[in-house]
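Naming follows writing order (A, B and C), and every chain is counted from residue 1.
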């Protein structure tokens, strides 16, 4: 006797499921907005504090800017990543998701996309603010800066989402996420700072290319690796 | 589906040696022999003086930490994710702890060597920086293991971390190397192995063997301890 | 269903030897193939067996009420049946399809537990609709509406879940679990926190689903509610089914006392 229930519904494919999950996460984030605003305010405060931490007469502010930018980017990104799986853990909503026929990788991709939007949103405000505070020249370099920020965000989010999924199930969640993620963020920060310093100083793209190559390779390797590793972080 | 019950560990658990652990003794003895040879039978290097002898500890430890301990950690973790055999997880755990010890030795001897020779405690040398990041990664690995009680989850999570770290290390190496070429650091005297005269070379290579032997001994002892701990826990749970 | 357990004496204390680790030959072939067949399910955590050899089968329209003390392994068993956990050994098959050992075809299972499994910032409607979309239902909005109305919570459907009382949240959670009309519904203490109206709505919904062919596993501490819905009754103790019998063989008035004696005898 054919089982009607099996025939009737067609669970969404991986891309559509990822999109639905990302949309759900963003809807939740949009309702409260606290995490986004906290990360944003943190980034702006950090950029401000860094300025006073250096002697502006010894080093030009515009030389400091790339470093400041990517360090604040990293730490405000971590703030956003912290809450990423908390919402699933709170009432065990993740169990309801795991009982459905949805691909496990789609859960990871959906959350990563939502985190990417979050981080990109914070960056969209922070970068102009840093350019303002540090007197960075607005010009051709700005577009390149946005592109580098996007590439760096992809890498950050790929690794951070996976470690957030792991950390939330452990005893030391808030400590573990930064501790595990930061070594992985180091190549991202180095590449982003190195290439953006070159491009903001007006150097040709060819000089920044070695760094950009590392950044792109990092993104490709870790998006694939983390997507494949994610199912292992679910209880089985 | 093959059973993953950990009762199987109690059957063939290797015992922590009731007698003496010959491998560790052999390792320690050979390390001691290398020290003796380094101090008494190998002349100090012309330009650097006696401090150069730290190289006989520093370089082999760095080799063991990265190419033996960490490689073993990453490899057994990858295999664990594939085969789900608990023994692989125990090897990874042991390799991490012993590797941490060796990495710490590198990070301590590096500045001790650097200060008298180059006048600076830390020069962000490419290899030393890589070892620093390795240290952070292994510490993170061990803290993660400490934060999870359930054995299956602990093994899986740390395996994922170690595997990803295996992908990370080449990127760190590339990034640091590129950083140093883009930001020229003060030129530093870098004595390296190939230009050594014969008698120093012999001490140098035998140091590598000695430290590797010690690593094997420590790894095996730590692995046995892990097996014993797990089978004790199994027996307690069965009660 | 031709179970020898129908000959179980109500006053038997020791678990019958054939109920744990039962070989599959003990399940006779049947015309109406069972919705769920569990064979020798075992699940261990760090060496400790939370579920230690559980076997049973459920036909369409049957409801198994599962009682047992805390820590007996009931929640672990439900998670195994739902496919959230893989068994350490043994199999769990659903429908006609002898799927991979250790997994039930998702899309046929609904899970209710004492955690609400809801996103508290979203509304009830959004939660149930999201689940409907994840199951790939053709009209998620309509399906969500039906489910919410069945659980009598449609009028509060647009308020964020965290503003609802515990009982209403539980109703929304049940609506979420049945939105895709599952063939197997697993309930882990679903009556917790429900008032009389909520309990009535839940019982009515579960009974309606059972009448339309679904199978139910109901874990509860509330013996009366359990016996009211059950076609089969079981007691789980230390990872095993200590008792398993059809509801018809159970004397409702005396059962509560027997159950209490059974679990305190081993405590």
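By definition in this document, contacts are C-beta pairs under 8 Å (C-beta built on N, C-alpha and C of every residue); 3 or more make two chains touch, one makes a residue touch a chain.
The structure displayed is predicted, hence computed values, not measured ones.
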Most distant chain from subunit B by Cα centroid: C
Most central chain, judged by mean C-alpha position against the global CA mean: A
Distance from the mean Cα position of subunit C to that of subunit B, given in whole angstrom: 50
Length of the line joining the C-alpha centres of subunit A and subunit C, rounded to whole Å: 40
Whole-Å separation of chain centres (CA-atom averages), subunit A against subunit B: 32
Contacts with 2+ other chains: residues of subunit B: 149
Overlap residues in subunit C, where contacts from two or more other chains coincide: 86
Residues of subunit A engaged with two or more neighbouring chains: 235
Contacting residues of subunit A [partner subunit B, same complex]: 159, 162, 166, 169-172, 175-176, 179-180, 182-184, 186-187, 190-191, 194, 210-211, 214, 217-218, 221-222, 225-226, 229, 232-233, 235
Residues on subunit A engaged by subunit C in the complex (per definition of touch): 1, 3, 5-6, 8-12, 17, 20, 24, 27-28, 31-32, 87, 90-93, 95-102, 235-236
Of all residues in subunit C, those that touch subunit B in their complex: 42, 44-49, 86-89, 101-102
Subunit C to subunit A touching residues, read off their complex: 82-86, 95-97, 105-111, 113, 115-122, 126, 130-131, 133-138, 160, 176-177, 180-183
Subunit C partner contacts - residues on subunit B that touch it in the complex: 1, 3-7, 149-152, 230, 233-234, 237-238
